[in-house]
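Take a look at the structures below.
Below, chain A partners chain B and then partners chain C, in two separate complexes.
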Partner chain A sequence: MIDIMTIILITLGGILIGVGVHFIPVGGAPAAMAQATGVGTGTVQLAAGAGLTGLISAGFMYNHLAISGTFTGLDYLMVVASGAVGSMIMITVTMFVGQLVYVYGVGVPPVSAKVKKDPITGDVQDLYVSRGTEGHGVPTVSFVSGTIGGLLGGLGGSMIYVQLMQIVGDPSNSGAVALAGIFATGVFYVNSVLASYNIGGTIEGFHDPKFKRVPKAIVSCLIASLLCAIIAVPIMGGVV
Partner chain B sequence: MSTAAGGPAGGGIAPTQMIILGAVGGLAGIYLTMLNQAMDTTIFSFLGGIGAIFAAVWGADAVRRVCSYGLGTGVPSIGMVALGMGIVATMFGLTLPEVSGIPTIAGPIISFIVAAIIGLLIGLMSNKILMMNIPIMEKSMVEIAGAGALVMIGLSTAIAGSFDIVAIMPAVVETGFIALVFIGGAMTILHPFNACLGPDEKQDRTLGVAVSKGALIMALAGFASLAVESMDAMSGALTTIVGLVIWVVYFKRFMKHSHRDSYLVTGTGLLPTEEELE
Partner chain C sequence: MVDPIVMDMGIVALTGALATIAGAAEDLESDVGSQSNPNSQVQLAAQMNFPHRIFNKAISGEPPAYGLWCASGATVASVLMAKEMSIFFAIAIGSFVAAIILGLFSVTAHMGRTASQKRFKQPAYMDMVIGHVPSIMAHGYIAIFCIVAFSYIMDHFMGHPFPLPLLAFLWGVAAGAIGSSTGDVHYGAEREFQNQPFGCGLNAAFSGNIVRKGEAGLRNGIDNVWACAKLGGPLTGLALGMTVFLDNWRTTVFEGMNTIIAGLIIVMILILANRMVEVKARKAYGPYKDEDGGEVA
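After this line comes the complex of A and B, so read on.
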């Protein structure tokens, strides 16, 4: 009755979310005052914002493709790609608008305090860090990192959603859609919070020394998502 | 980060009493809605909302105890993880009787236990793998997840009139009200401490916010149940009215407590006009 492959893919989706969160430049409260690099809000809020947008775009694509009755491997790729792109758009728009506020509103140059030179552009960073701060704005490397984070988060979220929907296999069943959506959201929150506990506050992106903690997040997200998947699969099969 | 770091939080009501109040009160509220089935009515649905308020107060107290250690990620994260675990556990517990033939009455208890198990696991991982080193993390996570599950079952029951998954699926899940229950329930647990934290945080003030927050969501659940076919309009209206009355009482009490805890409350008048400044 329980499909092992489904459980594995849901768990993998959870791990992708957990890893994706580490890529997103989260500045928290200090960044809201332009005293740390990244967007000025918490990890969970940023990850959830991007992840839920990904779920919506994945859900739209799934409904569009699966309503015909057949769902091929190519369709699967289309759905998860749609989810990933949705998340990436959301996170890049957030970073870009935040950047406009930092540069033209607060009047600070986007700069990282964790590296001397931007690993992508090679621009000098340390000269531009205001005294008493840990960087400000969203420098190029953080922007690219955040986009990768959106990709992974959206991919993970939509994988969970599609797997749950595939158990029922009926996109016109509104109960199944709502249940799969809310389950994916629940698993998304659990994994993004675990990842944010691993980060412990702020992170600039993949160049940040804190990024080395990723393996620990992978282990915890694996355990948590596996448990959620084992619980979720029989319900989706049983209730609708 | 944004929390009042430094040591365990004290308060008038001890943690053990809170656990009993929340777990017993929450489950009692949920199980009392069975009067609906016994008397063939839906008028007792508001008791589910009352149960949710008890559970929310417990959850908010657990949040204030664990967050006073300083999580580094802000208070909302712990509320969202509670409801993330809560929703998975709730749906599992309520569905299991339907799938396996266990009596429906066991549903909320199963949800509660499953939520506690997931909570324990997350708490253990936070301390042992992620090295958060918060001494009460495991215990608090069990409490918060359990409270989260009870809040969600309580609110769903208030909307659907029964905790039977056969009633909850069409009334709460298919209508999409589950999203309201999810985010509203999370707010009742995470918001009180997030709003009141600081060195002058007092237990009665924080928990008062939890009650008024729970009552507001309960009023919304009453509105939601108006759209549910199996519920009569009186039951939904009663849930809303009871919720609003509790909200008014506790919001006034919150204002009183805020004035009590502040150094000075004074009116500043309007902002001066440009001529007055010259």
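After this line comes the complex of A and C, so read on.
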């Protein structure tokens, strides 16, 4: 029974990662030349960077709370929330500093090419798109969307890590910590890559028409994460 | 007797400082070697009949590449520390080994990429390999040393449960993701296209038409790092430093639920700061078109 719950929660963590990637505004190589809205890197790269920073925070918090021997439901929430916040900090800092480069280094205003008005601020967008580009920088709607993406990615990664550690039940077992950490990283990459294929290069955030493809990502991430979870449980059990 | 919180804050500040140096060096290394997304233009230039002398070694994204260098350096350092070598020398030697691997990667990646462009008449300059690789290794060494060092501090002084190689791997991936998202934009959108007016927005029709002439002679990767060290590199350092410092600061100063609340407040402040920069940029630069669709800039 415990194993089934573990498998379900690891799968859910994988789905959260897959959905979270769709929220993160990435413009890939065109954004690195200020030819597309979003952060100038690849989907997997940024999502993994943020999610794994969250994993570092979650690992720290889990060790702090579980080392006493008792690990309650509230502790569980604290760990996954800590992972989500760590991930959000990384993604917001990155988007903010990236914005400084766009504004002061490249001299372009942040603007979306997918909507006429920013759904959050109401600012007109299309007049600020420079000729021959698909927008540039990180407008407020994309920034907020990226923050939500960081939250979901951090949450999902932390959930996977905690579930794997709960199989072993010994936070002082350094072999188990290392295996859980690297397995959570692996599941993160699997779901980020799947989501990246679904996005197909660039996405501005939840206001982008490509965001409607999320249901397909949920199905594919569910299948992939379920397979990962079925493999993970006996592997982690073998460490005990 | 020193208050423990003062000591803890000193350690947190040290991790932030090391991360700042690591971030700047990471971005500048990728500018010398032209790794990451802006390299698509360097690759394209030869195909568009613009042969150049820019070093080209992007056969991997920066995050997995830096994950590999930092994990390699930390693994060597861990083994040496297990053999009771001093911590400083163990990290220094581990980083040196990782820098050698980075150098090997750079040579094979550059030669392979350039050789594949023979049909576009892109020459393989041997003097470029000799001139650029030591600079790539030097910048890489600084980045790897600092990342492994602050990972060691987190591991041994702050009580992080992850083993050193895993922690260095994760921070290497994060450093690569931040460098690729922030400083590389300065290289890709500004330095590569200084033949376009500042702030014009880069029309996709100009793709591949990168600047090939330098301040003196033909431009190369070392000319690029000279320019990017003025903005892209330091800002990347700021981003990695802020990420490491803020994340460690909230868990050091606060406890329990307050760490979560403090983190959320930091995120809210950054969202507001971003909005302020957005408003300022829109006012300063104005629209490119008027309401009828006519060009005004």
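Worth pointing out:
Here is the rule we go by: the second predicted complex is superposed on the first by the 238 of 240 C-alpha atoms of A that agree within 3 Å, B and C clash if a C-alpha of one lies under 4 Å from a C-alpha of the other, contacts with A are read in each partner's own complex, and residues count from 1 in each chain.
By our rule, a residue touches a chain if its C-beta (ideal position, glycine included) is under 8 Å from a C-beta of that chain, and two chains touch if they have at least 3 such contacts.
Treat the numbers as computed from the prediction; the structure is a model and nothing was measured.
For the composite obtained by overlaying on chain A, chain B and chain C cannot both be accommodated without a clash. By the touch criterion defined above, A:8 lies against neither chain B nor chain C after alignment on the C-alpha atoms of chain A.
By the touch criterion stated above, A:48 is placed in contact with chain B and with chain C alike. Once the two complexes are laid over each other on the shared chain, residue contacts for A:28 go to chain B and to chain C alike. With both structures placed on the common chain, the touch criterion links A:190 to chain B but leaves chain C unconnected. Using the contact criterion defined above for the overlaid structures, shared-chain residue A:123 touches chain C, although it does not reach chain B. Contact with chain C, but none with chain B, is seen for A:102 once the two complexes are overlaid on the shared chain. Note on chain A: of its two partners chain C and chain B, the one contacting more of its residues is C.
Shared interface residues of chain A (contacting chain B in one complex, chain C in the other): 28-29, 42, 44-45, 48, 174, 178, 182, 185.
The part of chain B that touches chain A in the complex is made up of residues 1-2, 71-74, 76-78, 80-81, 83-89, 91-92, 95, 98-99, 114, 118, 121-122, 125-126, 129-132, 165, 169-170, 173-176, 178-179, 182.
By the touch criterion given at the top, residues 28-29, 42-45, 48, 174-175, 178-179, 182-183, 185-190, 193-194, 196-201, 216-217, 219-220, 223-224, 227-228, 231-232, 234-235, 238-240 of chain A touch chain B in their complex. Within the complex formed with chain C, the chain A residues making contact are 28-35, 39-42, 44-46, 48-50, 52-53, 55-57, 59-64, 78, 81-82, 85-86, 88-90, 92-110, 121, 123-124, 126-133, 136-140, 143-144, 147, 171, 174, 177-178, 181-182, 185.
Contact residues of chain C toward chain A in the complex are 36-38, 40-41, 61-63, 158-163, 166-167, 169-171, 173-174, 176-178, 180-186, 188-190, 192-193, 198-207, 231-232, 235-236, 238-239, 242-243, 246-247, 250-251, 256-257, 259-260, 263-264, 266-267, 270-271, 273-275, 277-278, 280-282, 284-285, 287-291, 295.
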